[in-house]
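What follows is a pair of complexes built around subunit A, which joins subunit B in one and subunit C in the other.
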Partner chain A sequence: MSDFIPTIGLEVHVQLKTKSKMFCSCSTDFGAAPNTNICPVCTGQPGVLPAKNKRAIELAVRAGLVLNCRIEKYSVFARKNYFYPDLPKAYQISQYELPITRDGFVKLSGKKIGIIRAHLEEDAGKLLHYIGSVPVDGSLVDLNRCGVPLLEIVSYPDIDSPETAFEYLKTLRRLLRYAEISDCDMEKGSLRCDCNVSVRRSVDEPLGVKTEIKNMNSFREVREAIAYEIERQKKVLSDGGKIYQETRLWNGRKGVTVEMRRKEEAADYRYFPEPDLTPIFIDEKIIEEQRKLIPKLPAERKEKLFEMGLSEYQVDVLVEERKLCDYFIAASENSNPKEVANLIITNLLGEMNKKRLDIEEVKLNPLFVGELADLKASGKISAQVVKRIFPQMFEKNIPPSQLLKNLNIVSDEGKLEKLVWEGISENSSAWEDYKMGKEKASGRIIGWVMKKTRGSSDPATVKKILERLKDEKDFDN
Partner chain B sequence: MDRDGILRIAKLARLEIEDGKIEKFTEEFNKILSYFEKLGEVNTKDISPFLLKNENVLREDEVIRFKDRDRILGNAPDRQDDFFKVKKVIEE
Partner chain C sequence: MKGQIKEKIAGCIGKIKQADIKIHSFLEIFEHRAIEKAEQLDEKVKNGDKQGRLFGLPVAIKDNIVIKGERATCGSKILEGFISPYDAEVVKRLEREDAVIIGRTNMDEFAFGSSTETSAWGVTRNPVNPEFVPGGSSGGSAASVAAGFVPVALGSDTGGSIRQPASFCGVCGFKPSYGAVSRYGLVAFGSSLDQIGPFAGNVRDIKKIFEVIRGRDEKDETSVEFEPVYALKEKVVCGIPKEYLNCSEKVKSAVKKTIEQLPKNFEVVEISLPHTEYAVGVYYIIAPSEASSNLARFDGIRYGRRIDGSDLIDGYFKTRGSGFGDEVKRRIMLGTFALSSGYYDAYYLKAQKVRAVIKRDFDIAFKKVDLIIGPTSPVIAFKIGEITDPLSMYLQDIFTIPANLAGIPAISIPCGRGEMGLPVGFQIMAARFNDGFLLEAAEKIEEAISYE
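Right after this comes the complex of A and B.
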């Protein structure tokens, strides 16, 4: 099979973080009982008028800034006409010729992916064909989602592999979450992604016929679906076949894309400017207000974390969620950053996982994590002690020093030395062997001290003391 | 607008036109179109849409619950529990 070059473009829909819908005051709550968040406007009753949600427009401007787009001073809504039962008005209010933002890019590790446009629109309703597992003798419509504000982000076909598509989506999601534009939760439908895929034999040829793939439920599935579709197209073309412009559905269970509808003629949506809505005017004031609300973004934070000496893995984990990163920065302000990163990734995330908590729900003061990190870094307490006290710190928000006192944890070297001397006199034969150079013999004395302190002393510290005592003895002799 | 054009528009609008009436519709449709053509006589080049003020008309992002959703559900030709019910939509 001769080599083919894939060309991929993504259309990503994200739900904007608003309380109410795009053109009416119904709630956007996810998971509400069917048809509870509906009103005459979003169900398309005669004689109603839409009214633009201010926050949705502000969030679109913020998204434009984060995506390095040009923010248009003047943009308009348009009607996209088609019939489907999830769309009661028989048109979707979207943007066509004059979108609110365009011409941007998202920076990945190796390259830039261009953004053609990011425009506002409203979501459609949801169709149900089953109740539980029982098929309905028709289709059921829930219009709770109908009218929820979306931002459609259209990339240039700058993506050349499934892996790059995956990285683009992860980067995009991180940006939109950091700036609190969208939750980007695919499971809750607040992020959806359609992919346009084509292949050609060389860059000198025009682009091949593209197919559009839909119905992926995770970023991993997007990557798999694109990889499958590229191979499918290569095979068809290598066998002398033809690619048709069509929409294909990803079947995650079987790992294949299946033809859904073939586009024999271009869909005729008869777009025209929405006569019920005035244009959107964006001035510098709105842009500056939104710019101020954008926090330091992941790329900049990554650099800072690398400078602090963290590993690539640590940086990736900490930068993924803004609030986790904020927590790390607060905890490491005056403490050993590497140790803080360790504690957060191993212990804090571990506890959060066990209790199924988000970082917002964590009560533990980050400064206490910093304190613990320093105790650990200076060797005053061992990894075992950290493991033992962390759950209590986490649950009750108690500083480690207090817990160590309560637990009677011995971190004071003077106190420990006394205990080591006791251990030596209780295990005099082991001490003699150790002094003769039998390293292993030290284990009995360390074990004795550990037992005496009920595991609350650090074996490494005990060993260090023991070594020092041995050397001092040598010197005496 | 010719016969094919009328059939295409009818299809897009989900309208069924009896064979015998296609000619009549074509004629009427063309009359309407030529009436609107008059608007094309006015030169609107470089003239932007008329607005009283170039400022945003916006709504605050607040939730107001609509209290009479049963009337909306009742307006639909068919319902099942709290859903609108429509003819089976084939999705696969």
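Right after this comes the complex of A and C.
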């Protein structure tokens, strides 16, 4: 098989973070009972008219800024006409010739992916063919999603591998979450991605015939589907076959793409400007307002975190979510950043996971985490103590100093050594065994010290002292 | 004491029940609703409560304006059984001012027509002579006022659907400026052209209704708030477009006589609207294009008629195939074609450009004149079944379409009679949002003219 160069472009739909739908006042809440977030407008009753959601337009402007796009002073909605039971008006209100933003880019590590346009549109409803696992007679229509505001972000075909597509999606998601434009949650349908894929033998050749792949449920599936499709196209072409312009569906279970429809069967959407809506006018004031609402973005934060001496892994985890990163920055303001990063990644995320909480729901004052980090960094307490007290700090928002006092944690090594000596004399046979090399025998002495201090001493420290004493003894001998 | 309003409304309903058999202007009388409202109003009288501006006024509503809890069919089988879950904005405004909605009136199917003959529920007859059509598409509303069943009715006008039937039936019919009245709840035909407006026996009543229904509605982005100025200038300059004189002899002479009788401070000059000849062509691209999209929602899935098919597509074919009449199908096909990729630029886009040119004709004209006057229709009412060729029917609207394309206000008032006593209508147009001025002038002209 000769070598092929893949060309990939992505169309990403994200749900804009608004309380109400694009053209009516229905709620956009996810997970409501079917057909409860609906009204005459979003169900396309005869005679209804749409009215623009101002918030959605503002978020589109903000997205345009984050994606380095040009914000158009004048843009219009258009009707995309096609029949389907999940589309009550039989047209989707979208933008066609004059989108709200265009010509931007997203920076990845080492390269830029161009953005052709990002435009506003409304979502369609959902067809249900099963209730639970029971197939229904015919199909059921749920119009809750109908009219939910979406931003369609169309990239240039600047992507040359499944990995780059994956990185692009992750970067895009991070940007949109940072600027609070979208939750970008694929499981909740607030992010969807279609991929256009083609291959050619050399860069001197024109682009190959592309196929569009749909129906991926995670970024990982997007990467897999693209990889599969590239290999499929390579094989077809190497075998002397032909690629048809078609839409293919990804089958995640089988790990393959399957033909859905060819271009000849594709609908003619008969776009025309939506006469029921006035044009969108964007002035400098709106743009400036939105610009002010954009926080420091991941790229800039990453640099700062590296400067603080964090590892690449730590930076990646902390930068992924803006609120987590904000938390880190607050916690590390006057404390050891590496230790703070450790505590957040290991202990804080662990507790959040256990309790299924988002970072917004965390009550623990980040300064307390900083305090704990310094205690740990200076060797005053061990990892075990951290492990023991963190859940309580987390739950009750208590500073570590207070917890340590309450627990009467014995962290003074001089005081501990005295106790260890007492333990040795009380358990002399164990001490002898330990000195003979029976590691397990140390447990009895450690246990005695723990008991004596009612658990407020750190077993690791005790062990450390014990080891030291043994070595000193060896030396004596 | 028995309620006066209830008595009046019961009388009105009784008259319709008895006499509308010959006319068929109403598709349904909302007897229960109307009587209930009348009783409420009588209660208001008894309690000395504040009375709305249209207190106890019976109003008929065209079958394409929806009323919560009532049927609306747009004269089509496809909406058979549809009951609206909400009120049109105009209905809310009328009822807020204590008007009594009497019933819904017949119309050409989806307002596609100029004779009310394409209604799925049978033709409406002209009260002046039942052999003749009442015009259309708001023929039911025009006839209900002409027959004296109701003093006022609402219609909708996309290319002349208020003014032409007003002209044929001998009543007043007003199409306000585009944006003056909320379209929320008017089943869309040509969204960029549609406008709701009143029919009445005189201009004073037209004004009264217009004052209640007009004004910005946030549910309709294209609606506009403006304060009409009901005042005339000392000298009113009227332009007669030379392109509007190509009409039947009787119509021409009635219009000429009217012009001779205009009030003394009205000066008449000849003007030109040079692109008038393209108006009908432009209209028959834009209106069906928008209609083809607006009517796509009637798919049998959520409301109205539904015929199940062997699969989804077959169900669409069966439902729409049997639910729509020929004229509706014709216009859906015209519009679908005009919007198709490869034809869009040559048809829809070109039509929009010509529309802008036609608008400019008016802008230029209104720099020189205050009003544009002429016949509403080139002909008087024709016999039921007389016009079968769609193109001849389309040409009915040659003088009324330009006002819709330009978004300007226009009114038709009766100005004479032609053969068999059939009425002739006189059309008066003004610049956009000069609705107040237009109605004031129309009232003066109405006062000044007399005819046999």
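Methods note: the second predicted complex is superposed on the first by the 409 of 477 C-alpha atoms of A that agree within 3 Å, B and C clash if a C-alpha of one lies under 4 Å from a C-alpha of the other, contacts with A are read in each partner's own complex, and residues count from 1 in each chain.
Please note the rule applied: a residue touches a chain if its C-beta (ideal position, glycine included) is under 8 Å from a C-beta of that chain, and two chains touch if they have at least 3 such contacts.
This is a predicted model, so every value here is computed, not measured.
Chemist: Return first, second, both or neither, reflecting whether A:272 touches subunit B, subunit C, both chains, or no partner chain.
Modeler: second
Chemist: Which one hits more subunit A residues, subunit B or subunit C?
Modeler: Of subunit B and subunit C, the partner in contact with more residues of subunit A is B.
Chemist: Is A:150 touching the first partner subunit B, the second partner subunit C, both, or neither of them?
Modeler: Once the two structures are laid over each other on A, A:150 reaches no partner at all.
Chemist: Per the contact definition in the header, classify A:465: touching subunit B only (first), subunit C only (second), both, or neither.
Modeler: Touch partners of A:465: none, neither subunit B nor subunit C.
Chemist: Now for A:142: first (subunit B), second (subunit C), both, or neither, which partner does it touch?
Modeler: first
Chemist: If we overlay the two complexes on their shared chain A, which of subunit B and subunit C does A:40 touch? Say first, second, both or neither.
Modeler: both
Chemist: Going by the contact rule set out at the top, does A:48 touch subunit B (first), subunit C (second), both, or neither?
Modeler: second
Chemist: Does the superposition put A:56 against subunit B (first), subunit C (second), both, or neither?
Modeler: First partner only, subunit B.
Chemist: Taking the superposition on A as described, I'd like to know which of subunit B and subunit C A:85 touches: first, second, both or neither.
Modeler: both
Chemist: Based on the superposed arrangement, let me know which partner A:71 touches: subunit B (first), subunit C (second), both, or neither?
Modeler: A:71 sits against neither subunit B nor subunit C.
Chemist: Please report the subunit A residues shared by its interface with subunit B and its interface with subunit C.
Modeler: 40, 43, 45, 51-52, 81, 83, 85, 141, 268, 270, 278
Chemist: Subunit B touches which residues of subunit A in the complex?
Modeler: 18-20, 25-27, 33-40, 43, 45, 51-57, 81, 83-85, 127-129, 136-143, 249, 258, 260, 268, 270, 278-281
Chemist: Where on subunit A is subunit C touching in the complex?
Modeler: 40, 43-52, 79, 81, 83, 85, 88-91, 141, 268-272, 275-278
Chemist: Which positions of subunit C touch subunit A when the two form their complex?
Modeler: Answer in residue numbers: 64-66, 72, 74, 79, 82, 84-86, 88, 183-188, 191-192, 218-222, 289-290, 292-293, 296-299, 301-303, 312, 316, 336, 339-341, 344, 348.
Chemist: Quick check: in the complex, which residue numbers of subunit B touch subunit A?
Modeler: 12, 14, 49, 51, 54-66, 69, 72-73, 75, 78, 80-89, 91-92
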